[in-house]
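Several structures are given next for inspection.
Shared chain: chain A. Partners: chain B in the first complex, chain C in the second.
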Partner chain A sequence: MHGRPAGLIRRLGGAEIAAVAIFIVAFAIPISTKSVLVYSVLNQVLVGVVATFSVWIMLRMNLLSFATPAFMAIGGYTVAIAGRYDITDAFLLTAGAFIMPALVAVPLGALVLRLRGTYFVLVTFVLSQIMQLVLFETPGLTGGSNGIAGIPPGTLLGTELASNQQVLLFACGLALLATLITALLTRYFRQHFAAIEENEILAESLGLVVWRYKALGFVVSAGVAGLAGYSLVNMLLTAHPSSFDSITAVDFIAYTIVGGRASILGPVVGSSLLIYATNLFGTHGQYAQGLYGVLIMVVILAARGGIVGTIGTLLRRRP
Partner chain B sequence: MAAGMELRVESLAKQFGGLRVFSEVTFSLEPGGLMGVIGPNGAGKTTLINVISGRQAPSDGHVLLDGRDVTGKPAHALSRLGVARSFQQTNIFRSVSVRENISRAVRFGQRGVQPGLDRLLSEFGLTERLDEQSDKLPYGLQKMLGLVMAFATRPSVLLLDEPAAGLERGERSRIDAFVQHVREAAGCSVLIVEHDMDLIRRLCPRVLVLDAGAVLADGAPAEVLARPDVIAAYLGDAEAEAA
Partner chain C sequence: MPEFLEAAIIGVGLGAQYALLALGFTLIFGILGVVNFAHGGFYMLGGYVAYSCVSGLGLPYPLAVLVAVLATAALGWVFELLMIERLIDDHLATLMLTLALYLIISTGVLTVFGPISMEFTFPVGGAFRAGPIYVPRENLIVLAVCLAAIAALYLVLFRTDLGRALRALADDRAVGMALGLRPRLLFPAAFALATGLAGLTGALVTPILSLAPGVGDPVLATSFLTVILGGLGSLGGAALAAFIVGIVEAYTSVYFGGSAGALVLFVMVLLLLVFRPTGLLGRDVRGA
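Let's turn to the complex of A and B:
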């Protein structure tokens, strides 16, 4: 490889390479087992990780965003609406699921990226709430409270992605793509994002065009959330407002904090652990939510930098 | 060498809602010139630097750089045009090394590597500490690192906001060395906001006094600091009469 792409890939650090490797290895799981439970958990993990990348990108700039479910909905509904017109090509749908929310994020970013701290959090939460309203109140486009059911399976190079195994393999592919996009963005602009995260005023006074990097991060974060929405809709073959409830943003944020916000491996570890735990605790009926909450509290209290951050600190301390 | 630029401030005013911070502030700083701005707390000195450097928009008036109107341009744009500033509190990227701090200043400024930067780092004893995490440096060195970062953006006009604040008496001579260096090595025009009158007397051939949001005096330090109204502004009327 020559030129810019090769240069970009050379910039990837150990954590980014490990994250990419995890999703390459993930392709082996649907091939090696037919377990429905494994398929279900892995599918949820893949959707969760991609959505969490969207939150993580914004956290690289110290912006806690609740807008991820809104952009997931745009990505998911783009695919569902395209299905109505018999557009099933997976490459086309992937591009649409990324580009549509990214385009919507451009004007939204111009409005909300002026805000910081609590105000940004509140406004992005309201965006997700408004999206819910739009989904329910535009039945002609989105199916309203019924959503859009019976989405035709996608096709990849002429092959219909009809079986559970094919859907899961495709979800692995989307997760790998989201990982590469997230890794390249956050690694290439590592210095810029880190400067904004730590001291935005100083960064700007030194000449950094802060709004440009925030806008770039917001747009790519929206696109990545759109991929998560596509993955979710592709798994359910239904697009429904309840799949994109604004409160799910809390889960994605929890995945990031529990996994650790300093490394791209944080969202991967946090999502995997908490989604697995949700499924495990689900067998305990009424105690499930309580157990889930206790787990989050224990991890946050015992590992302030998240699981990955704490492991990293312990490894650095070793003589 | 990035030569100094002329900084002209014309009838500059800033108010927050009904609160007037300053108004009708007019002065010019010639290319390569050096000027001090003094005044009691709350006189609007830091806000003046914030407005000139683009951190805050003015309510009225103009800022001109070599005759070009740059009023209201954002901080990053002014930095790239050659206006750099330092901050009253230490303002560095605390979680990264000294080297990374300097690297960010050079990269974000996009005006190339500042000649004489190595000599300045060496003079302040930062060369041997380039790989140390910056928040592990003593306070005085953190403050100097903040100044060096502003210089590393290759400015033509440098605005220093209380560079000596928090420094021990013995450390303050570093500010003299810094100002001398940036003027000799880069021909920078320098504006210093400072409370340390000894430092102002030593360094500045000209001083502007701000009081209650207006220019009270502008001239040579010996003249200006002897004026009763300036003394009154600093010490109060009773002391001025006694003086």
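Let's turn to the complex of A and C:
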């Protein structure tokens, strides 16, 4: 048991390695198929997973955030506005989509991280609503209710990301990047986050500088949401306020809770399964919300660990 | 000048509606420690129940409002007893449960009534005129009913044993229970009281505004703003903040138009959080 691979897995975290592996394997899907349905579902999953990571990071510290759509909008609109100035370099845009929301999160974090529990939930919900208003009220910058359409396709190392396959491969890359960032953050600061989740006041009294880790988590969570926004805008080649509706935060929260909040695999499994299930509703996608509602109730009342947590418990119970 | 007075009357009218919603919301939080994400859902449900009673069963409107109150209160009672009660001390879990209920109510309404808005009109038309001032009569009736409901709620909470028991539990649950108060009876009662108020507001207001799936979202957002402004768990704060929100909304929409009112309110709330995170009349509340 104390061999090198086992030690390495324990240090890096089995779930984290599995999550990264899943997104490396995901590159094979766009290469091996051209099915429109698969492309559409995979694209939504790749955006959804990244956005859900943003919720999950905050939930590691027992903070339920509704602010993800707001930061997604900042990331997405950064890319869309850069497109107006013919900035299409994918590396530059990726950096921008991460850094801009993270920068905005610094002063916002100073404001909202003073709040805990319920107040934090309510205020992040209000933040997402403010973002919608800001998008509608600044037509000069964001195109107002029309949004920004006709964004030029990005270029990666001189190649234009024009075909659906290339866009999807790039989305896989963004998801892999987001997974690596999330895994590194939550793995490296695992004990700090766990202490805050368990009992923040006790952690602080034991000398943990709580605000530092909360601020770091909030800023990185905002950056990761920005990457999701980039992925979404890159898929649609349009930035529109309706893509970042504050109520979509509920979806990402549902993915996290149903998938399981204890492990990084929870957001991955939750968003993949629920987005796949939503697509089964076909044109009646609006009814999927009811399904989410029922699933959340089942998880909260009967299977607290979510899908991943419950499977883990079942596996461990076996002799 | 008439414009100024009309805006004041509209503002007070909005304030009274928001007060009914925010009082229910803060009652649930103060007593049970639960953030009710389904509050907008109960508002919407109140509207739809009243609409069904009027257009489907042909009941007179006042009776339909009463049915809507009873139906939303009953749903609140059952939901609290069967679901919230089991996880009452887990803030995040109860929040998720109410969120789930909201998703289910929204989908249910969408399935039964479809996505288009209903033709639900207030039975009393016309307007009240006093010199140059012109106020729709329906707004005055709603204002009167809302104020009566607020007064009744005040009497229940501050002049009856039920109210004293509820406030005692809000103040300190452990001591209240040690003195023999029964949460298994009182918690569902508090929840039902609050959801009934949301249903009442929905039944009264949706004929004037609109009735469609999704009308609950802005209601939820306004309730949040109001209780943050007033201080979570504070009844007086919620009522005060509701009238501030209503008046600010009325004046900004008359003089600036568009969504200026919402932006002004958001800025107010953010400033308040910097200088006084507990809200206008709030104190430190559990878990907040």
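By our rule, the second predicted complex is superposed on the first by the 288 of 319 C-alpha atoms of A that agree within 3 Å, B and C clash if a C-alpha of one lies under 4 Å from a C-alpha of the other, contacts with A are read in each partner's own complex, and residues count from 1 in each chain.
The rule is simple: a contact is a pair of C-beta atoms (placed from the backbone, for glycine too) under 8 Å apart; a residue touches a chain by one contact, two chains touch by 3 or more.
Model, not experiment: these values are computed from the prediction.
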First (chain B), second (chain C), both or neither touched by A:A162: neither
Touched partner set for A:A28, first chain B, second chain C, both or neither: neither
First (chain B), second (chain C), both or neither touched by A:L141: neither
Contacts of A:E204 with chain B and chain C, given as first, second, both or neither: first
Chain A: partner with more touched residues, chain B or chain C: C
Touching partner for A:Q191 - first (chain B), second (chain C), both, neither: first
For the chain A and chain B complex, residues of the former touching the latter: 191-192, 194-195, 198-199, 201-210
Residues on chain C engaged by chain A in the complex (per definition of touch): 29, 35, 83, 86-87, 91-93, 95-97, 99-104, 106-108, 110-111, 115, 217, 221, 224-225, 227-228, 232, 258-259, 262-263, 266, 269-270, 273-274, 277, 285, 287-288
Parts of chain B lying in touch with chain A, wherever the complex brings them together: 53, 55, 74-76, 79-80, 84-85, 87, 91-96, 100, 103-105, 107-111, 149-150, 153
Touching residues on chain A, where the partner in the complex is chain C: 62, 64, 111-112, 114-119, 121-123, 125-126, 129-130, 133, 136-137, 247, 250, 253-254, 257, 286-287, 289-294, 296-297, 300-301
